[in-house]
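Here the chain labels run A, B, C and D in written order, and each chain numbers its own residues starting at 1.
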């Protein structure tokens, strides 16, 4: 296990200065989640347009660096994207943490790839996987709601 | 045995954690087990195991004798007046559920009040909440003050004619506050209100004398007292053993069973349905032997010194905020670290072999009050020493380095 | 491992009882433990122990993983559809109490009927009796026939529109009858009535496939399955996990706790309040490994052969009366001896190292029906063999000699 | 442990042919007991006269040889005796089984002494002590009732 892998610069940065925090305007969907064992919370707001793209999204949350960074990275990655991209990236992300597979989706920039894989260090810390995945599960719930 | 060298009685400390010696600071969650207790479990299964109380063959006799000798041992250790006052349960949680259920069934009605505190562990709130749902009882919360204490005046203020029971923790598992239970019990006695003490954190760290404390119920988790998992003790004053209806139903707790009617045992066994945790009960006698050999007051003294030393160390670090400053503190030290979430602290400390707990510690009410979703907690057992506190302090500094704070 | 040599896996057989080899015929009461299971308990406490699910440090992670892996193992062993269907309890008794309490609270009202049988162990009657006391429920007893069986027609006859649940044993711990549970479940399903199976005697001796049996609840005591004391399993069908209210309240089973309101976990953990029996759960995985290595059908076959041989032997003795002659018999052989009380038999057999049980075996209703206050019971485990049956038969003859019968 | 000590001739005899069985005429006091773990039962009937002597007594019961023999021996021993004798002999008997002390009371015949000490073998069988003592405890309860 390597702490440096877990707490990479990118993660510390997103943890300290999470992007897209707050409640975005005119959101159409939202969902929240809460881990009763540790008290972490996340609430995701998003605005779906007619083309089924996420026009805007944001989150509110309390939690550790991993959970905040993960939510923040998530919002950056999926903003402006359509449902099929979101399903695919989420699936790959969850798989990366659970089964240590790689991200293969090719419609993201190298920078984005670096950012999302910065969270792969969580693999080695099973009790922290939930911190990293909560926002992603919550995004899926938000999309399911109407 | 010598407290200074006591780590070597605990096999868990033989291993390295992430290449470091283990600094185990999670005893309020569960304590480690000395070799004698572990060996007793094996030895019992290997040479004496049988179901107790039901058969008359040699192994059953041996097992039954050991089992009941363990009850005697607990009685003596707690200085309970009667052996029938010692009831074995699955844990403190079950002990409190038992009282809430049996006492509640008979004595709690719509509008009756149950007085607890904001410090309570969920295990000493949720069982009473059920009486709110089922009976329309009212739960009153004695407030915790800014030091993390609950004062006797606060309790006094909340007692009414409707107060049916007071249920309070002996030592808070978050602020470490040692509650003035003797005074509260005295007060309650004047008003004829029974008192349940959640002794989960009290029993491992203080001399418990039931005839002196003189409460009605006292709940203990053996796994926090260097004992096995899956075992608890409910001390129940004789008059309640006589008065309360049974809890779970099953083998062993009956008197006579007919198709239309059942009568129950008239002693403690009415609360012990089904096959008991024989090996656990038997080996817990060894835990008490272990504690007695060191002396519980020596243990408490050693733990206090360790804790005070640790507190002082941590106070020197300006980024650390210690939770609570109670008049007297049990073996618990909760803290937060500026701009670093407790979970991150716990993970990073673990890298240095330092095992602490992060979260709400099953005290959401209190954390709500503190305005924090989570805290980090270092809790002390007999095997901790000043060196452990130094390592805790260093590990916190490493943590700040990782976060560049 | 080989069943023929299996005694050597169990350390209890190393000792002499009254100078004789131990012939342990009390497995229906509790089974002995193989060395691998005992070693797992020690090993876990020595190297991996910590409280589960609550902390994030290395030991907590190890312990939590082991604990949950054990749940997975149980799920696979029982072929349950979801891991959330596996709930850990203190024993079968607590498992049945949990269902009676949670199901009863929500679904049983005044005048509703609960259908059990005259064969039931007190653990599958007393919990339902509480619903009689508290809710005005009616308990109906399906009669046992002269062979010690309960027939499907008898169950059919008693089902009414008011029947809220059927609770029956898989195998009788007295007559040894294997009940036609598949047929009963089929029948109940037509009428939309949930079925609880008391599998305490069934699980140790037969292949249990939850998706095939397809009952709503199935209760197991691990200590009768070569596992540790103080642990049971409640299989609960997913729809009930979703529908039933929690049982005991405490740490770990909540969602959010506020002063006026509490919400509960929405999966199996709502039934697992307080610190669980970590070491017991972890070591039970070894018991299942042990069973799987031998194969449960091989175990059943071996036990059956042993039992049949024993039955034949005992039938040759005219003074012995065998209790029940069910269509198919589990690993239980109850008997009486002309003019000698079962207690005297048990004491005298013990002198020859033969451990049996005497009494009503927590089945007073059945013994009332049999017109006997007590019977003697020899019950079989994987470690018994024909030689044990020979010794049982000889010991009974010695007993007759003592009594000069 | 020695089975021959436990199942002596005298005990087997009393167990098979218990004396004073049934319900004695005109009883003034009675009490019953029951061991829920094993199902043993005993019911003692006695007639106290004005001199506080047990003029007559008998018992009904179900149970093992030890419990029947003990009840039978008891009835033989205390018939015609007064309360102080009964208290003393009961105390000594219970002590014999619990603490392995000797019977010292000197107002019984050598035959009676042999009979009562025949039950001392039960000492070595702790799970059977209750069988032997139940009738004696029940006698005390009967005397306490009015």
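We take it that a contact is a pair of C-beta atoms (placed from the backbone, for glycine too) under 8 Å apart; a residue touches a chain by one contact, two chains touch by 3 or more.
Since the model is a prediction, treat every value here as computed from it, not as a measurement.
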| item | value |
| --- | --- |
| Cα-centroid distance, chain C relative to chain D, in whole angstrom | 39 |
| Chain A and chain D, separation of their C-alpha mean positions in angstrom | 80 |
| Centre distance in Å when chain B and chain D are each reduced to the mean of their C-alpha atoms | 47 |
| Where chain A touches two or more other chains, by residue | 37, 125, 127-128 |
| Junction residues of chain B - those touching two or more other chains | 18, 54-56, 60, 252, 254, 256, 343, 347, 358-359, 364 |
| Overall pattern in which the protein chains touch one another (line/ring/star/complete/other) | other |
| Which chain pairs touch, all of them | A-B, A-C, B-C, B-D, C-D |
| Touching residues (chain side chain C, partner chain D) in the complex | 18, 339-344, 347-348, 351, 358-360, 364, 367, 373-374, 402-404 |
| Complex contact set, residues of chain C against chain A | 53-56, 60-61, 64-65, 252, 254-256, 265 |
| Residue ranges of chain D in contact with chain C within the complex | 1, 3, 6-7, 12, 16, 37-41, 62-66, 125, 127-128, 131 |
| Contact set on chain C toward chain B in their complex | 11-12, 14-15, 17-18, 22, 24, 26, 29-30, 32-33, 35, 37-39, 41-42, 45-47, 49-51, 54-60, 90-94, 96-97, 100, 105, 121-123, 125-127, 129-130, 134, 139, 141, 221, 223, 228-231, 248-254, 256-259, 262, 273-280, 343, 346-347, 349-350, 354-359, 362, 364-365, 368 |
| For the chain A and chain C complex, residues of the former touching the latter | 34, 36-37, 125-128 |
